[in-house]
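Note that chain A is present in both complexes that follow, paired respectively with chain B and with chain C.
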Partner chain A sequence: MATAFDRRRIPGPEISIPPIYEPLSNENEAGPSKRSGRSNDEARPIFLKTGLISQANGSGYIESGGVKIACSVYGPRPKAPPYTPQGTLNLEIKFAPFASNPRRAPLRDTEPLPLSHLLTQSLLPTIQLHLLPKSSIDVFLVVLESDTTTNVLSAGLTVASAAIADAGIEMYALGTSAVISSTCSDTSPGDGTGSGNGESILVLDPEEEEERNSTGKVLVGSMPALGKVTSIWFEGENGIDEVSEMIEKAIAASRDTHTILAQALLEGAEERGIGGDEEVA
Partner chain B sequence: MFVIKTVPPSSTQTFADDMPATHRKHQIEIDAMQVDEDEYGAGPSKRTIVTPGEIITSSKEYMRGHGTYVEEVNVVSSVTGTIERVNKLISVKPVRSKYTPEVGDLVIGRIVEVGPQRWRVDANGRQDAVLMLSSVNLPGGVQRRKIESDALKMREFLAEGDLLVAEVQAFFGDGAMSLHTRSLKYGKLRNGQLLTVPPQLIRRLKSHFHHIPPPCGPSGVDIILGLNGFIWVSSGTSQEKREGGEGFDSEGVYSDKNDDITPEGRQAISSVANLIKVLADQGIPLTDTLIEEASNWMNQNQLPIGPLVKNDEQRLLAEVVGVDVTE
Partner chain C sequence: MALATSQQPTAESSTSAVPSSSSGSTSAEVFKRLHPSQYLSRFLSKGYRPDGRKVRAWRDVSINVGSISTAHGSSLVRMGDTTMVCGIKAEVAEPSAQSPNQGYVVPNIDLPAICSPNFKPGPPGDEAQTYSNWLNDLIVSSRTLPPSSLVISPGKAVWVVYIDVVCINFDGNAFDAAVLAVMAALRNVRLPKAKYDEETSRTICSRTENHPLTLGRIPLSCSFGIFDSTHVLPDPTSYESPLLPTSITIALDEENEACLVRQEGLGGVVGKSGERVLGEAWTIAEERSKELRRILEESAI
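Coming up: the complex of A and B.
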């Protein structure tokens, strides 16, 4: 693959040996967090902060489960011709080479493109683009750590809304999302057939392994403040009633995320000296 | 198949419990009504921050202003910011956003493109501003007619990357501003340094040109506070030279050459620039008096040359602004 070689990058050595770690005494102490310790309808804690990237018009950083994303928003800024009566949203997801296991090859990575499209679709209904003729909004998400693509999209929508709101761009409401996966209780883990008649378990914010063993997963993007859904992405095989229940649960979960998102925006505002206790002269 | 039954939990939405759910009112509205009872007064109401999508009040009683939209029967916020109320008009002022121009505003901009009969100027707005050849003063006086050769020489007056101070003259259909520099106060900038602060921090003042007299540098320091958040800090000039009086160099208006500035003059410029940065980092609205007071404070305290150390920064903010930032 000499053609795909990027001369601007410093290549690693030709031979490399993975480091050998001393086995951990207790497996629970390190590594990705396990479902142990939280119930099926409990999400992992979220850390969200706005305004960390100073040169962007708006920015956000999220740590949610096994995902870490930095998002920067530039705009609204003038768009090159042709004339568009509405603003355009350009969104790009990029994975850092170290963001996933195995490492991603720079430039040859094809996964971000469909993800960018999916995220654009779920973000579009939240922005008042009709107020921005001839303008464009550019949103860049850099994934620093990832577990599953659905979790990346879920955290991506939340952080992108935070960054757009931080940029002061007019929105309809904040977009948040949640992931629900269903696992058949009577099938052994790893079987993945999901054909059993047993009752399925719905889990919120699934981890990598839970999602691998699931029969279906659904990602719902919504605007909890307005009670509207922006996008639904379902993958797998489930009964219609079950899918409805999954969507209901996802919507309920994204309301909790909305609270965190609103809180992060308020804290961001307070850091700029607005709304805090101290009144500035 | 699925319905959303309740309003989402929101950290700022506090509803009065004694009202039926259909008549819920935002706390700010309840406060506003109490204000109305006490005194007949308008103006910014209590500092309450809302996030996009948050219901502020009913659109039947109030009109929607900037930063809001109407969803069904409610006025809903569309940005993160503080609620402001003028009589029946509710608007939300964003915490941070690009500059929203108004006619008559003084702005500082940078030329990005020289086009036919016009310059395109980046003035921190949503769209690039436009400066028409017909709305600038060319060397040779106000009455000078613009001829074809002037259009060909446009790059000699203002080239890409040049900074200028101008006034917003009008708007185009898409919200882009049209600028003019038809006053001797406006025009190309030199002998100084540009600072960029959030546009929300610049207040509308009587004059946006400010001169800090000589103890601050050998000839003082001039400050231009552009409403778009661009601030120009430059070597001081006398009143007459600035406004076209005695000693005004009308031929040198479009000069690209900086004057000779003494090291002390440069120090004064950068120390004023540092002061402004310190104030802006804390989100303190900038005015001419505040900057002058801060500059006097610097002179009185005989601080060492260079950026302020953390300790001095805190003292400055405490003694001049009255803000305690100790953590």
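Coming up: the complex of A and C.
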């Protein structure tokens, strides 16, 4: 168990387990919960602000559903040899230990690595890296609160685009993303054979509970301004037609996120006195 | 001297956008980068700091508690531009054989790469490790959260309180901000009522009943740096800190009793005994910690 003792942190006990709660008293509460007062095509409100981290070249902070992420961008900064004709994008997602249930103990947490990779892939097509030879862009995200992995990635792409744009790094377009999950209606959760006959409901921006009960979920990263898709990540089991419909819906939804993102960037620019002509005295 | 005086009004009016290179006065920017020490001393000779405050002034502080739903207690502290998020999560563990009536308190401070261009991604660096140790010493020695108050069933089950501080924006004086964040988050914690079941040897927590932590002394920290053996500067920023060879940290509790006094680096103030310098700092710290305590009280709704 104790293979390598971590000398860099204050140590806790070897084993500790998250609190176990008593079973819910009334069964009604445990049943499939309804979405908290929004329709299936409605996303939860997004709060996005740029420029909060003064030390960074560009930064952003997003609150979207159960996710809170701070992001900062350093660069373009000179990169150590070997020579590269294109800029390099380094991206790291880090979860604060308290950001999820159960607690993420440092070193034992292996999830951020594949997440960083996925996010890098969906972010790469948006940046004009060929303009930045011999340089690197470092994008750091710290997740302060999270519910599901897909929501973290979705909010992560939006906030990273905001921070890169805030840093004044040239992009092709802003990248945003949306999550769609499909749930079978009229089938009891224990049935398990609902995928064939039951009518499935497509839900935008699913909550943790909804995602757990879904038959499939898709995360689409896109550049709405150019009408291009940068990444598709599908998980689950659905018919091809249905998946296409889910992707269509996700692209449509990411256009709304794009509006919010653009608005936040404009406000951020105005606050710093750049952009609007009347601001510059 | 002309440079500094011409810079002064802009520095006074600007609030946060100091590091951005987009400002018009490029010569002042270059001077600031190439001769940081002279840049600072010209400001100080006029009675101001580069961020526009008076020499003896502290930065504004704001505290926000309970905004992170995945933690049992949380706080966000802004001290000037320095931003710290503290989240506290409790887990259940078996106490050690030597101390069956003691829970665990595990404080850690992380300065991740997001918060400053000087930090690298990866495990905590020297600075973060130092602060974590200071924080641990402070909490243990002032008995802020006595481990004996965290027992669920003696010898069987105790709470482990993980206190994690994450820096989001590093603009100097991280320790003061971290201590304040920890204290605010500790006051915000609500632990579920836990019961140890002898038969199943499991701990079951209530969904409805919870209780705050039993807290002892609440220390609040105030830090200073000494510039050029002449100026005692409270609350140094990340620009000033590397120019201050001596640093003083004083943490005081509710009764203005010392919980931690630390001076690092050789050198005091010319013409003053070390005792007098420390005494002066102490007086300022007493006032400041009173102010911080007021903000801390107000933060809990």
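Just so it is clear, the second predicted complex is superposed on the first by the 238 of 281 C-alpha atoms of A that agree within 3 Å, B and C clash if a C-alpha of one lies under 4 Å from a C-alpha of the other, contacts with A are read in each partner's own complex, and residues count from 1 in each chain.
In this text, a contact is a pair of C-beta atoms (placed from the backbone, for glycine too) under 8 Å apart; a residue touches a chain by one contact, two chains touch by 3 or more.
Quick caveat: nothing in here was measured; it's all calculated off a predicted structure.
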| item | value |
| --- | --- |
| Touched partner set for A:Pro133, first chain B, second chain C, both or neither | first |
| First, second, both or neither for A:Ala165, with chain B first and chain C second | first |
| Touched partner set for A:Leu226, first chain B, second chain C, both or neither | first |
| Chain B versus chain C as contact partner of A:Pro76, first or second or both or neither | first |
| Chain B versus chain C as contact partner of A:Ser244, first or second or both or neither | first |
| Partner chain(s) touched by A:Ala173 [first = chain B, second = chain C, both, neither] | first |
| First, second, both or neither for A:Pro19, with chain B first and chain C second | second |
| First, second, both or neither for A:Arg272, with chain B first and chain C second | both |
| Overlap of chain C and chain B interfaces on chain A (superposed complexes) | 77, 272, 274 |
| Interface residues, chain C side, partner chain A - complex | 16-20, 22, 67-71, 74, 81, 83, 85, 87-94, 96, 104, 106-108, 110, 112-117, 121, 123-124, 129, 132-133, 136, 160, 162, 164, 166, 168-171, 192, 194, 202-207, 238 |
| Chain A residues touching chain B - in the complex, by the definition given at the top | 51, 57-58, 75-78, 126, 128, 132-135, 165-174, 223-228, 244, 247-248, 251, 255-256, 258-259, 261-263, 265-266, 268-275, 278-281 |
| Parts of chain B lying in touch with chain A, wherever the complex brings them together | 1-2, 4, 7-12, 47-49, 51-55, 67, 69, 71, 76, 78-82, 94-98, 126-128, 174-176, 198, 282-285, 321-324 |
| Sites on chain A touched by chain C in the complex | 6, 8-13, 15-22, 24, 52-56, 66, 68, 70-72, 74, 77, 92, 94, 96-103, 106, 138, 140-142, 144-146, 272, 274 |
